[in-house]
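Next up: some structures, all given as structure tokens.
Two complexes follow with chain A in common, the first pairing it with chain B and the second with chain C.
Let's look at the complex of A and B:
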């Protein structure tokens, strides 16, 4: 019944990096393995914090992530990096120079770097990222950075899965407006103006403060801190790293971390039950073929799908079997 | 039982633009109205073609879209533009100059422009875009351009909903690699090198041809045409427009258009039944409260969600009631 070869879980829990990589590949590409993986890793989680690092392309997300990761390692943390951005140097994108700069991190055994590849022929950013973070957490990594380009629904979902979010902007671009409109400013816990040695930093600061003042979206939440740095020159990154640590302590202390974890668990339960409902229905109703035939007919006759949908739905009867007493204890 | 005020549907089918705008607002923000809207508009569709226009930020998507829209209008088509990119001048983003350039289109009664706003507090790009395209199709628009930034899952889903996709790149950037990695090249039916008056066009052409040669993803499909233009100077756009029309004829003639429509219908049916299954289960099981309580307990005891999931799933009994004879005819 087990999906993995014997010994893999032992190796994983002993800290074997290949075993960890194998499990992340599984949550990415082998949906049938997901229950086993989550069943093992969720109870083994040690409270690793997920820090989303996001911002427009070219703003220096990877350099900032690398700078934060180095400092976390120096403070004694075990660090994971998940690069959800296909152009990140962590995932082999971008330019050789960047990749070389990240090299020292990749060689450090206290850092586990993984790029979340696009999935299947479809090419979308991987929806498995939260599960990969679950695996890294159970692997004992307590600072998990998730780098994402922050445009689009999938990325916002990834941000939802982060315990806190650093939004990076740079001077001299209209990025702040784009970020505002995409709704990312609402999710941010820290604004970082990177490349703050460039012209336009004051203007960006002003417009950021102004735009956030008039923004209706942060109802009741405190205005996030705004910091300046130049990650490439490693200027100002000590302060950024310290602020991130402070935000992490606050997130844990205020109960927000616990709440986030609970809502991730709820989501996982809900999806699993939804899959089961559809599988059950689909088998009974031969749904795939029936729906295809119905769609064909609708095109032929220029019909609406709703009579079919109403009919199909009206036939559905769901019941819940009685729960057996003592069932709780057996599992 | 009707969601909309009396007379709205009559106005819509007579070509009233305000009624059309009202319906798009409904599919964006009023999920309870979706069945009524789709029930009316799907049978009324007239075969409008959805053309996705995508590419990295700053590449000139809106200018290209405007140039194509103008030519489509001149050839007698009724045109819709859906801007899914929050920075598009069509949606009020970007710079004033751009917006002014689009003005003449906005004043044309043969063109219906609509920006798909970010939704709710969440800020994601709107998943209602395919439904908005359904509305525009039933409104009688036969060329529907969907402008999207083409990064992330939601955008790829939008591309899936397009009958054909124009991918725009510009010289002097590493965009082609980014696009390749994000999987968009696979979905493209036409490559357009915009700003082809800039240096680097030859290099981009070469690398595009080379990269596509070695790309494993287009199994069996013909290599898409590559055109050059400068949309801002309106150079080369006649050829681009003609090629888009040729691709549209091919899409319709080859049966690919019909296939796309069928798969959109199938997806709609599947989602509706899935919603119904969850609602039915959720009501019976008091699922929201039960799942929240279970998640709380799991956190307290560091437990796995899977015993709960297995128990919940094992209790589910789905049956299908007999279909009443003649039921088909009544609806």
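Let's look at the complex of A and C:
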């Protein structure tokens, strides 16, 4: 059964922007549409490159993204931007303000910008962001910038979702000890010190160079380049853009691009199976109530949850076996 | 998944620097659980509707204190129609005389709000009148 109205896919493949927007709305809101969307868009992808842009709040992710997007357009690319801002854990609403920093892209039809609220995502992206990137790729956009919410130390979803990651830092936000911590600094393919006209740039550079001195090679690859710029003044951004392009060529040429795509597909398979099994289990009569009752009982008796978990898992196994027997009979 | 969130574009068209009201309303909508794409100052009707297309927005809200509400609402409404957004709600607020409000209604603009109106009333109006489903 088709999820979408007739003609939507034709419009999408002809380049209709509202059709593209509608599909992103679907992957954000209508989980039942996801199989149809992926069935259609993945075969249509032409190898768009996904560039993650991440960093702490206020370092200039949107401004840098806009500057990179403008240059990508000037060199003949079709550009997509997914700009994620946080969902309020209190109201569920979101104030999406990244477009404010991207105004000069506002009338260029070679750029497609979509703001996304982070919804249930805790890794700097929303759960639907990878699928939105799949849609933009099939729409014919060959440079897709994925801007995360402001992140701290370990929000690394962008690493799985992108082919390469630009980490933006700014002067005055930490010392060598911060830089030594595990997480976000390990994910970067390019360090960009933004607002490099401000005091403290040398200190930050020193910290990053120290990191480079003690681990010049990471996972068989050279330490990421460290660049300085001031995106608001548009200073140094030509060099950053050129470096991003060089990294993209390297990513494709070295086979890392293919590896990234494979691992994204692996992950989709794993999480979809998980979802399906969980959906199957939670649809069993009264699963939610049963779980709550079991938890109550555990509190009363100071019991471990594992006996219940084992029983639940064996119920799933029995159910799967019955389903398979049913299928075999039909065949 | 939870119920579909209402997505609202909030923008200030033209030469008008007073954005406090737009921010207050945006914030109220966020607190009511909506997703608000804030475009900020000095937007052209083209840029507003283009953003609404890319965002697949359910609602466009314009804040206009400059007196240019008739031309801005008219132009945005026309562009909405020609961009396939005819089924979305166009609303807004500012200093808009009652007789102009009548005219705006004829153009296909929804209710417009002014100083002193209750934020909850605005939230409810949008909640009730936002387009919910699309094909």
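Methods note: the second predicted complex is superposed on the first by the 254 of 331 C-alpha atoms of A that agree within 3 Å, B and C clash if a C-alpha of one lies under 4 Å from a C-alpha of the other, contacts with A are read in each partner's own complex, and residues count from 1 in each chain.
Here is the rule we go by: a contact is a pair of C-beta atoms (placed from the backbone, for glycine too) under 8 Å apart; a residue touches a chain by one contact, two chains touch by 3 or more.
Treat the numbers as computed from the prediction; the structure is a model and nothing was measured.
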Task: Could you say whether A:317 touches chain B, chain C, both of them, or neither, answering first, second, both or neither?
output: first
Message: Touch test for A:233: chain B only (first), chain C only (second), both, or neither?
response: neither
Message: Touch test for A:21: chain B only (first), chain C only (second), both, or neither?
response: second
Task: Give one of first, second, both or neither to describe whether A:298 is in contact with chain B, with chain C, with both, or with none.
output: first
- request: Determine, under the contact definition given at the top, whether A:8 touches first (chain B), second (chain C), both, or neither.
  value: second
Message: Residues of chain A touched by chain B versus by chain C: which partner has the larger set?
response: B
- prompt: Taking the superposition as given, does A:242 touch the first partner, chain B, the second, chain C, both, or neither?
  reply: neither
- prompt: Taking the contacts chain A makes with chain B in one complex and with chain C in the other, which residues are shared?
  reply: 87, 91, 93-95
Field: chain C residues within the chain A interface of the complex
entry: 1-2, 4-5, 26-27, 29-40, 43-44, 46-47, 50-51, 53-56, 83-85, 134-135
Task: Using the touch rule from the top, collect the residues of chain A that touch chain C in their complex.
output: 4-5, 8, 17-18, 20-22, 24-25, 29-31, 87-88, 91-97, 99-100, 103, 106-107, 112-115, 117
Message: Quick check: in the complex, which residue numbers of chain B touch chain A?
response: 35, 38-40, 42-43, 45, 56-57, 86-87, 91, 93-95, 118, 121-125, 127, 149, 151-157, 174, 177-178, 181-184, 186-187, 217, 258, 261-263, 265-266, 268-270, 272-274, 276-278, 280-281, 284-285, 287, 291-292, 294-296, 298-299, 302-323, 327-328, 331
